[in-house]
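The structures considered in this document are given below.
Each of the next two complexes has chain A plus one more chain, namely chain B in the first and chain C in the second.
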Partner chain A sequence: MVDELTDVLISKHHPMDKLLRQDRLPHIWCSGCGLGTVLTCFVSALEKLDLDMDQVVVVSGIGCTGRAAGYLNLDGFHTTHGRAIPFATGLKLGNPELKVVVISGDGDLMAIGGNHFIHAARRNMDLTVICVNNFNYGMTSGQLAPTTPTNARTSTSPYGNAEHPFNVPYLAAATGATYVARWTVLHVRRLERSIIEAMNKRGFSVVEVISPCPTYYGRWNKMGSALEQMKYYHDKSTIRHWSDPAQADIGLEGQIIVGRFVDIDKPTFCDLLQGADQ
Partner chain B sequence: MKLWRKPLDQDRVVVPRGEIHLIVERCKGCQLCATYCPRDVLEMSSLFNTRGYHPPQVRNARRCLVCGLCTMLCPEFAIYVEEVGHDQ
Partner chain C sequence: MGRRRVSNNGILQGSFFMDGDTACAEGAICAGCRFFGGYPITPATEIAERMARRLPQVGGTYIQMEDEIASISAVLGASWAGTRAMTATSGPGFSLMMENLGLGIITETPCVLVNVQRGGPSTGMPTLVGQGDMMQARWGSHGPYETIALSPGSPQELFDLTIRAFNLAEKYRTPVLVMTDEAVGHMTERVVIPPLEEIEYYARRKPQVPPNGYLPYRPDPDGVPPMACAGEGYRIHVTGLTHNEKGYPDTVSVETQQKLVERLIRKIRANQDDIIELREDQVEEADVVVVAYGISARTAARPVRMAREMGLKVGLLKLVTVWPFAEERIRELAPKVEGFVVPEINMGQIAQEVERCAGGQAQTILVPHAGGGLHHPNDVLEAIKRVTSPQSTSAETSP
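This part shows the complex of A and B:
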C-alpha cells in the first residue's frame, strides 16, 4: 500500500543510522514529541564535530528524555533518577579524555537532581548538559515539575500551579556555568550550533531546549496538537543573545527569551585538581 | 526564473535538486515535515503504514532545494533528502 505514495523513494536506512541503535527504533516517544528532534540535532552536531566516537559518552537519567542514551549507538549509561550528573562527574574524573554529555529532562535535572546540577556548575565540571524542558513529568503522566509555569495545570495541580518555576538559564548562570543557551525544538539549526559550541567548550555548559509535551502538558493546558504547541513556543520566542538570564522567566503566556546567555572561560575542576597536585 | 537584473554570480550558482527518501514504518504522522517544508514539497498522504499513521508524500518534487529541514525536524529519523544533480 505504501508503494502508492507519490514521488517518495522507500528506504530502509537513514544516513544518521550509524549513530543510532536501529533495533530500538521507532522510539517510544509520542507522535509530535520534541525529543526526537533534539536527538536529531544532537546526532547532526556529532557528525559535524570531528570527534572520535569512542571518546563520546552520553549519560541520561530517568524520564522520557532519559531514554535518549539508549537510542544512541555510543557508550552510554541510563542512571537512576536524578543521578546523571554525579555519574558523568565520575566518568570525567576517571578518564578526563572523554567528552561526557548529559541528556536529561527538567524533572530529572532540576528536581531530584537539582543539587547535583548546582554543585557540578559550581565546581565547573567539564560536562555538556542538554536539559530538555517540557514543563512536566511526561513519563509518569504529567505531574507538576519545578519548571511548570505559575498557574499552569498539570495532573497534580488541576486548579493551577501555585509555585514559582525554576528559570534554568538563570540558575545555571548564577551557579557558575561557563556556557548557557536556550532554544525551542523548532530552532533546529541554532540548537545544533549551540550543541556544537557547548561540546567544544571547556567547562560546565548547559543547553536548555523547550519541547512540547502534547500528551500531558499540552492537553491539560489546552494547547492543541503537538504541531500547534511547537508553533506556539516558536512564535512566542524572542532571540536575545547575551541578555540577562534573570529576565528569561517562562510564564504560562507571554514571551520566551531564547538565545545564548553566557559564554565565559574559567578553569575547570580538572584543571584546579591538577594544579593542586603540583 | 525571471530576473530584473542579471546577478554577477549567475554562471557559478547552481540550484540543487533533491530526492526524498522515506522509511515508512518509522513515521508517526506528526506532520512536522509537511508543515515546515519551506518549498511546500511535502504533503500528508491518506495511506496508512502498518502502525496506522499517515506518512507524508511528495507533492512537487521539482521544488525541492535540498535544504535538509525535513531531515533535521523529523523526530523519528524517518525522512531524509539526497542531492541528485542540479539545475543551472
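This part shows the complex of A and C:
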C-alpha cells in the first residue's frame, strides 16, 4: 500500500527527461545561476513547438552557457570559443531541413564571436540565437565581458570597468536580426514564449536572457544572493514591447528594459540564394 | 584538345586548358563536394570564384564568410550536416584556420582545406610562390595530433589530389590538407577530367546500429568510428573537449585523453601505407636522391637530368603525400645512398624531416629558397654535386 502510494506521489521521471541527457546530470552550474532556468524554458518551449526533435540541433560555444548543448537530448555541438554561429551556419546550409539553435553566453557571442554574430544577422541566416548574458565570464571565474556595465567590477576590472558595454538587442536589431527580444530569468513564461516565437521565425532571431551570476559578477558588485538578484530583476525590469532597443542600455544596478523589440519579415540568406539561382 | 562536355548533372568531362585553382574546384565538384565556405585571398581566390559559379549548377551551396575562422567553422558544420565540404585559402587565412582545424581533428570531421601557399611570413608576397607553411600544416593547431597533407605539382595533380583528399577525409574521418602553392594554382595547363563513373568515391561510413546502441566515438578496428550526422535521429553530442566513446566530455581523466589522442594518431599512422603516395624516378640505383614536393619536385626534374648527363646517379623522390611523412622509405634509402638533396621554397622544413629519418647514415643538403620564385636549376645541381664530391662533409640543413 505504501509502495503504491509512493509510486503515485513520487514520480520516478522528470517530465523533461525525454529532452535531457539524464546521464549527464547533475549539471556543472553553480547554485543561484540562471542557466538552469534558461534550459528549462528552452525545453518547455520545445515541448510546445510542433517540431520533429530529430531535426532540432543545438550549437554552443565555450563558457558556462556553452555547456547547455551537452545537457540536451538533441543533436548537439559544443564548438570552439565564439564559433557557434558560423558552425551553425554550415549546418543549416548543409541541411536546410534542420532547425538550428545557438545557445551561448555573452562573452562567447559578443566578444570573440562578435564578428560572426553581426554577419549572421546581416545575412539574415535562418538561426535562433539564445544569448545568456550574465555580464561576465563565469567559466573562467568572473572576468570583464563586452557586456559588463561601465564601472562594474570584475576580476579584470577591479577598479571598475572603463568600457562602454554592448547593448545586445540594439546590436542585433542594427545589424539585421528579424526577431529580437530580451527577458530576465525571472520572466520565465515570457521567455518561453519568446523562444517559441524566435524558433518559429524565419530568419535570424535573437533572444537575450539576463541571468544572475551570484558566484562572480554578483559577488564583485555586492549584488547579494541569487534571490536578491531576482528581486532586483523584479524591481528594476520594465516591459516595453516594440520600444527602440537603442534606449535599452543596461547600467550597473540600473533599470533593465525587457520585451519584444523587433519582429519583422525579410528574405533569409537561403531565400535570396534560391532567388539568385533562378 | 580532346572532347569537352558538361553532362546533364553539371559535371565536366574531357580535356581542358585550365589553371590549378580552377582544376582544384572542378576536382572538388567531381569528388562530390557540395559546400564551400570561403574568404577571398590571393592566390586562392580563383578557387572561391569557381566554386561560387559552379556549386549552384550542381545543387551545392557557396557562401563567402566574414573571415577564414568562420569559413572553416561553416565547413565543419556543413560536414556534420552530411555534406562534403571544403575551403581554400593561403598563408594568412591558413593561420586563422588553425583553431578550428583542431576542432575538426578532435571531433573527426571529414573536410578538405586547400592552402595555395604564397611568400611569407605575414602578408609577405601575396602574388608569388612559397612553400613555407609545410610545418604549420603538420603542427599549426595546438596539441598532439597527426595530419594528412598532399602536395600537388601541376593543375592535373591538383585536380586528382583534391579528389583523393576528399576520399581520405571520409575514409579516415579527418580534415585533409591540400598544400599546393601559387605557382601551381596559377599555372594553366591541360587537365583531363575523366568520366564521373571512373572517379573514386569513398562514401561516408555510417553507423550500422540503431541510435540507442550507437557510441559516436567507438572506432571500427581500423581506428575510425562510423559517423552519424545531425538530423539522422542519433542525437549525437559532439564536443571539442576531450571525450569518451559516447562523445561526452571527460576533461579530467588522463586515461580518456590518452586513449583519444593515441587513437587519433594511430588511425593515420597505422594506415600510412594507404595514405602515403610517393613517385620515384631511378631512386633504387641512385647515389644521391633529391627529395621534393609540389612545384619544387617539378623544377627539380631539370637539375636531376643535368646531373645524370654528367654521369651522376641521381634519383628523384617526390612526396605526393607530405604528411604523414615517408619515414620508412627515407630510413630504407639512407644506408644505400650518399646523400639526400632537399629543395624547398622555405628555409628548411621538410629537409629537417629527411635529416631526422636519415639518422646520420646519409648527409642531407637543404637547398633553401626564401620565397617569391622557384629554384634555379644550378642551385639544385650544385647541391647534388656537393654530395658526390669527395670533400663533402656531414649533414647540412641550415641555410
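One rule holds for everything that comes next: the second predicted complex is superposed on the first by the 266 of 278 C-alpha atoms of A that agree within 3 Å, B and C clash if a C-alpha of one lies under 4 Å from a C-alpha of the other, contacts with A are read in each partner's own complex, and residues count from 1 in each chain.
Just so it is clear, a contact is a pair of C-beta atoms (placed from the backbone, for glycine too) under 8 Å apart; a residue touches a chain by one contact, two chains touch by 3 or more.
Computed from a predicted model, the values in this text were never measured in an experiment.
Once chain A of one complex is fitted onto chain A of the other, the partner contacts of A:Leu273 are limited to chain C, with no touch recorded for chain B. Of the two partner chains placed by superposition, A:Ser104 touches none, neither chain B nor chain C.
Contacts of A:Thr6 after superposition on the shared chain: chain B is touched, whereas chain C is not.
By the touch criterion defined above, A:His14 reaches chain B but does not reach chain C. When the two structures are aligned on the shared chain, A:His27 is found in touch with chain B, with no touch to chain C.
The contact sets of chain A with chain B and with chain C never meet. The residues of chain A lying in touch with chain C in their complex are 21, 23-24, 54-55, 57, 59, 69-70, 73-80, 83, 86-95, 97-98, 115-116, 119, 269, 273, 276-277.
Interface of chain A with chain B (complex): residues 1-2, 4-17, 20, 25-27, 29-37, 39-41, 44, 186, 188-189, 192, 226-227, 230. Touching chain A in their complex are the following residues of chain C: 35, 37, 56, 61, 63, 65-67, 69-71, 73-83, 85, 99-100, 102-103, 229-241, 248-249.
Touching chain A in their complex are the following residues of chain B: 19-26, 28-32, 35-36, 45, 47-49, 51, 53, 55-59, 61, 69, 71-78, 80.
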